[in-house]
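Below are structures written as structure tokens.
Okay, so chain A shows up in both of these, paired with chain B first and chain C after.
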Partner chain A sequence: MIYKDLNQYSGHFSEYTELRLQENRNNRISMVNGDVMGNSVSSSSGVSSRVYKEGNWGFSSSPDLSDSAVEYVVRSASDNVRFMNDRNKMECGFILPDTCGHYEMDLTTQISRNSQKQWIDFLKDIDDYIQKKYPNLTSRTIVLAGLDMEKSLLTSSGSTSYSMTPRGIMYVSLSMENNGELVELMDVFGGLGQLEDHFLDPTQFYANIDSLADHLSRKADGVYTDAGMKDVILDADLAGILAHEAIGHTTEADLVLGGSVAREYMGRQVASELVTLIDYANSVEGKTCPVPVYIDDEGTPSEDTVIIKDGELKSFMHNKDSARHFETTPTGNARAYAFSDEPLIRMRNTAIKPGTNTLEEMIAAIDDGYYLMKSSNGQADSTSEFMFGVPLGYEIRGGKLGNAIKDTTISGVAFDVLKTIDMISSDMTWSAGGMCGKKQWIPVGMGGPAIKCQVNIGGR
Partner chain B sequence: MENIFKELCTGLFAELKNDELLTLSFCGENSQFIRLNNASIRQTGLVDDAMLGLKFIANDRTCVSSITVSSNYDVDMARGAAEIKRMRSETQEILEDPFLVLPTNAGSSREVKKAAGLGFDDAVDALLPAMQGVDLVGIFANGRMYRGNANSLGQYHWFETESHCLDYSLVTPEHQMVKGTYAGTDWNQDAYESYVDRSIKKLALMDRKPVRVDPGMYRTWFDAAAVADFVDMFSWNGISEASLQQGCSGFGKMRHNDQRLSPIFTITEDFSSGLVPKFNSNGEIAPESLPLISNGELTNTLVSSRTAAEYGASTNYAEDGEEMRSPTMNPGDLAHDDVLKELKTGLYLSNIHYLNWSDNPGGRITGLTRYACFWVEKGEIVAPIETMRFDDTFYRFFGTELESVGSTAEIIPDVLTYGQRNLGAITCPGILTSEFQLTL
Partner chain C sequence: MPSQYWGSLAHLRDAEIPDYCIEQLIKAGGDKVQCVYSKGEKRELNVDAGEFSLFRTTANHGISLAVIKDQKKGSLSINKINQEDIDESVATVLTMAASSMPDEAYDISENQPAKSFSKGPTEPELEKMYNRMEEFMDFSGSTFPTTIIEQAIMDFSAGTSYYRNSNGVAFDETGGSYSFSAMFTSKEGEDTSSFNSAGFSSLDMDNPLHEGGSIKRLLKESAEHVRTKPVPKKFTGDIIVTPDCIMDFIGFFLGNISDYRLIAGTSLFRESIGEAITNGLLTLHSTPLSDDLSGGYFVTGDGYEAANATIIEQGILKTFLLSLYGSNKTGLKRGPNSGGSLIIDSGKTALNDIVKSVKQGVLLSRFSGGSPSDNGDFSGVAKNSFYIEDGEIQYPISETMVSGNIADMFHNIKDISEDNVNFGDEIFPWIHFGGITVS
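Right after this comes the complex of A and B.
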């Protein structure tokens, strides 16, 4: 537990200053074929300060949470910025947008905490179920992973924030051999909340595991996809990664300044008019998102960033510095992963806004194409070109689902793909375990509705 | 930092009861970070950071934990002792570890690399002059890094090094880029300025109008930085013995089908450079040099002690994840000055980007050309190429299509900063391939 109230330290501030105390706590247990292969608990805590003056930033951090350490990092960050100001006067007079907000969010579970033994028993129950019901599987891997991010923030503008944002997830990966070929499939469960909030009763997951095993069996007998440009339905998992990796990153203002393709697209039609793409701050239609952010790590109250509205590129995601540069307002996207990380422009919960179609209508509208359900390795570029692995999908022939397909890839230019979207489902599904890397990790929400579009699909 | 680690070792080992074993691993840094934008410094930062890993074994059970080291002995001892108490209790409850690797005392080591590095106060004045007149964006990391490992049986290792790394891109007004990574231990102002100057000259070539290259097969030269990206993929479902045993390695064809790479391709796990410690997180000492692929033939995989216990193999004291820690690829005989002449007509790829397995068992890798990548005709650079996707297998570009290997191996440092600054580097030369497949 870290201090919630940092006001006692405000006397150390001399310039624009952010002070953050943070502790990240991880818990991870992995079981492979019934054996516990990993059992680890870790915590990382400390204090950091960032100071701004005349266009320059100073930063300092320490793993010591004592009062003297807090004073030291504020002084050190202030010294760093003064050092810079002596040498770099090019941006003299620049001031940051002023934002102020107060929020306290503690999502610590209200359920009594489990021991590691209880978690191992939970995994063992699930593993036993899989082993007994599906004896022909080659391997079974189950991983439980919990992450608690606890932060306190005080800025010289008066913003205060305390948050304890937990995530509890379980990965289940199954594999089998078919004609000497290894076939694998994985699913992820859980999301916002501590492990106890999601995983008290293993029997609740039996149906999910049956579904996973059924998909795996079909995939083992699956067919190769026909390579080329195809009509496809990207289910929520793939639509989410497309929104995050291929569009979201290109519209982070620091990457825009670094030359992303979105710089040239502002105000232009970049997608079908059906597409509205939003980086949600904390909730969608009253439902809390997987990664709720109410005050960001610069003390800015977070708001939804409507990146694309009705197909037109409307906004980038900003921190205070980029908002100053683009002469707009910060959007509350400044986030840091660890106490020793500086806040960067990061997404929160990025998704295409649901439409009006049902999945059944979308499948019926395709004569020759694919229903692509899950993503594996994904990558995209600041040009919005992307390539994602697809470990699970089905043929669509004559408006009906057909054979399962083997592992394949999809690729293309995301802004081109968005222009081909002609149907969007009315539901909204978040993936459980989104984690984004940008020199630092950060948990993110990814998901959305299913979309019908055209992409280039790999073949044999 | 070493004294902090030693004191914690003494204190925490004293907390143990009979038959309990504890291995402590230490990972710390005292780093300066300078963020650059438009060849100006936007932020300077100082990061003091250390983590202590605890692996506790009792009752044939293993528990792992890690805590932040605050450098306040009382605070850190309290944290560590609390973790031992928690793990002691856990080991009475959890399942037995079937592949338990017990610590041993196989000796101790101490390696402290002294360097004439760049002082924190001198960094700004040393860095800026060379980059004036160009749009440079990047990050400079500088300072000391520490690794330690000790166990309750008396084994003790300490490794300490100092390094700097400027990871940057130069950008033209049309957003064409040249990437550079200047890294080392001793600071050499002339070498630094000369390195940046070479990037600036390359940037001038990027002013030419980019040409679009159609999908297809091309004769291709890869600079060492691009080769390092390919080699790095071997640490992910590649050289790991566990991956091979589980059937999810691109090296399966070499293991099971007797397939070979080119006779001029040789790669070794080589710790002689001293860039990383030879001890792993269990305190086990790897061989100074371990041939992995020799003249195209798979000779060794990386085998951790745990994998050895699980699959009945012999350990070569790889890290638990069985990734390469200090890979070194042998140079060949193609002098850098002859590269364009030998390439004749084709692609000159300085960097590749965002690599991913597209067919792991087949060794097929996809990614993008990026930064300074050029179209070459009759031994002359014509123009940069537009970004293209490639998809090809290392059984071809390190195998059947590998024509020449560059005569100079370069050290390509690991610049990642997830959690902490990473140690280590890939040492490799460039390569010339007779064919390489662009797809989009």
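Right after this comes the complex of A and C.
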């Protein structure tokens, strides 16, 4: 538990200053073929301060949470910005936009906490179920992972916030051999909340595991995809990674300044008119998102960033410095992973807004294509060109689902792919364990509805 | 840093803190216990969108405890170094071990002679770091004016770690090094290259940053990649994989000879020690003690003094990279180190001559690909890459997929360059493969 109220330290501030106390706590248990391979907990806490002056930043952190350590890091951050100011005088006179907000959010579970033994028993139950029901599998891997991020913030603009944002997830990975070939499939469960909020009763996951094993069995008999441009349905998992990786990153203002193609597209039609793409701050239609942010780590009240509205590129995601550069307002996207990390422009919960179609209608509308359900990983770059691995999908022939497919990849230029979207499902599903890497790793929300579009699919 | 609040541990020297932890873990009932205490500092300069932006200094320390009791194991790490938190952690990790399931494979390293190791400087030349960054920005701005340095990070990290276990193992490691990385994109009007990145580590700041690793070459290639086109048509041909992306393919082999896949029973190479897993042109070493590298380490994660090792010698698999647990679990020999610090032996052919030998192919500078399937099938986009025809590099390409099977591909190595790149943590040459589908 860290201090919630940091006002006592405001007397240490002399320039624009952010002060953050933070503790990240992890619990991770992994079981492979019934054996406990990992059984660990960890915590990392400390204080950091960031000071802005004349266009430069100074940052300092310490693992010590004492009053003297707080005073030390503020002084050290000021010394660091002075080091920069003495050498880099290019940006004298720059002033950051002023934002102020107050919010307190504690999502600690209201359920009594489980012991480590109960979690190991939970995993053992699931492993026993898999082993007994599917004895022919080559391997079973189950991982339970909890992350609590607890932060307190005070800025010289007067913003204050306290948040305890937990994530609890379980990975289940199964593999089997078919004709000498190893085939693997994984699913992830859980999301916002501590482990107790998701994983009290192992029997609730038996149906999910049956579904995973069924998909794996079908995939083992799967067919290679026909390479080329195809009509496809990208289910929520893939639509989410498309929105995040291929569009979202190109519209982070720091990457725009770094040369992303999106800079030239502002105000232009970059997608089908059906497409509205939003980086949600904390909730969608009253439901809390996987990574709710109410005040960001620069003390800016977070708001939804409508990146694309009805197909037109409308906004980038900003922190204070990029907002100053673009002469606009910060959007509350500045986030840091650890106490020793500085805030960067990060997405929060990025998704295409749901449409009006059903998945059945979308499948029926494809004569020769694929229903692509899961992503294994994804990469995109400043041109919005992307590539995602697809470990699970099915053929669509004559408007009906057909054979499962083997591992494949999809690729394209995202801003071109968005123009081919002609159907969007009305539902909304968030992926359970989204993480994003950009100097620091950080939890993000990715998901959305299913979309029907055209992409280039790999083949043998 | 202000003085630490150690409570009643204030009288202890750094090296005595893990000794205290070991003593407490044994007193609490641990059968076999280990502790790693580490402390370090980082100084970091950042450039964003072509401008100096941030000077960051961080300090951290931490204790990692592991205990085996009745052949059950628990692990815990904290970064609060005071008696109250350590004593509480000792009790917690014992409870975690008691909560777990027994496994005969759990163990700690056996007694070895106590040793202290050190490598690299412990204090940075801060002014020089700033000047080298400024010099790099001047160089890239004047030599490649269409290239935007999206972000550049120069840091110096130094620290000490103390490994102790209840078998009497006591290793101390002190080290420091500089590292530099840059991410960049080139732009002419609305034409934009793919982003690319490059970096390296070093024990000193004696040379300009753009001379390190592949930095200058990749900046030049980025500027050439503003206007690209796809390959003319689908073909089966050659790829020359640059040192910058060979790890995307070598990683497949390392994954198959390390703990997880060997324990899970999904390794392709479980029975392959002494057998050819690539053709005879490839020799791959893991050399954490190499003087040719600025990186490396002296102690493995499970408490053994690390040794250099040849993993693949002229195509023959020589060793797995199993930890003590992985070794006990599989009945296979423990690895001589924890992997990394890789060096691929260079060949005898100049890179230019390798390019001349390619009838139709791709010079692959960055691979944006999905994880290969378990059998090694892969496909991905060739980024920042060039089309080769009739022995000459023709033009920069985009929207081009390369696909094949990694296991097969390494049996089809045609040549390895005499040229190589030292990234500080690794040394890799260019490798020429045949039989790859390009579309």
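The rule we apply is simple: the second predicted complex is superposed on the first by the 460 of 460 C-alpha atoms of A that agree within 3 Å, B and C clash if a C-alpha of one lies under 4 Å from a C-alpha of the other, contacts with A are read in each partner's own complex, and residues count from 1 in each chain.
One rule holds in what follows: a contact is a pair of C-beta atoms (placed from the backbone, for glycine too) under 8 Å apart; a residue touches a chain by one contact, two chains touch by 3 or more.
Everything numeric here is computed off the predicted structure, so don't read it as measured data.
**Q** Should the superposition on chain A be reported as showing a clash between chain B and chain C, or a fit?
**A** clash
**Q** Let me test your reading of the model: by the given contact rule, A:Gly437 touches which partner, first (chain B), second (chain C), both or neither?
**A** first
**Q** Tell me which partner A:Val41 touches in the superposition: chain B (first), chain C (second), both or neither.
**A** Both partners.
**Q** Should A:Glu385 be classified as contacting the first partner (chain B), the second (chain C), both, or neither?
**A** So A:Glu385 meets both chain B and chain C here.
**Q** Identify the partner contact of A:Val183: answer first if only chain B is touched, second if only chain C is, both if each is, neither if none is.
**A** So A:Val183 only meets chain C here.
**Q** In the overlaid three-chain picture, which partner chain does A:Ala227 touch, first (chain B) or second (chain C), both, or neither?
**A** Second partner only.
**Q** Of the partners chain B and chain C, which touch A:Lys406 in the superposed model: first, second, both, neither?
**A** Touch status of A:Lys406: second partner only.
**Q** So, A:Leu255: does it touch chain B (first), chain C (second), both, or neither?
**A** second
**Q** So chain A touches chain B in one structure and chain C in the other; where do those two contact lists coincide?
**A** 35-46, 55-64, 66, 69, 76, 80-81, 83-84, 87-88, 90-91, 115-117, 120, 124, 138-139, 175, 182, 184, 257-259, 340, 342, 377, 379, 381, 383, 385, 387, 389, 409, 411, 439, 456, 458
**Q** For chain B, which residues are in contact with chain A within the complex?
**A** 33, 35, 37, 40-51, 62-72, 75, 83, 86, 90, 93-95, 97-99, 124-125, 137, 139, 169, 171, 175, 177, 246-248, 353-354, 356-358, 361, 366-368, 370, 387, 389, 416-419, 440
**Q** Which stretch or stretches of chain A touch chain C in the complex?
**A** The touching residues are 32-33, 35-46, 48, 55-64, 66, 68-69, 72, 76, 80-81, 83-84, 87-88, 90-91, 115-117, 120, 124, 138-139, 141, 175, 181-184, 227, 254-255, 257-261, 264, 321, 340, 342, 376-377, 379, 381-383, 385, 387-390, 406-409, 411, 413, 439, 456, 458, 460.
**Q** Which part of chain C faces chain A closely enough to touch in the complex?
**A** Result: residues 1-2, 4-5, 48-49, 51-62, 73-81, 92, 95-101, 103, 105, 126, 130, 134, 148-151, 153, 183-187, 190, 192-195, 260, 263-266, 268, 325, 329, 368-371, 373-375, 377, 379-381, 383, 398-399, 401, 403, 439 of chain C touch chain A.
**Q** How about chain A: which of its residues touch chain B in the complex?
**A** Result: residues 35-46, 55-66, 69, 76-77, 80-81, 83-84, 87-88, 90-91, 115-117, 120, 124, 138-139, 175, 177, 182, 184, 257-259, 338, 340, 342, 377, 379-381, 383, 385, 387, 389, 409, 411, 437, 439-441, 456, 458 of chain A touch chain B.
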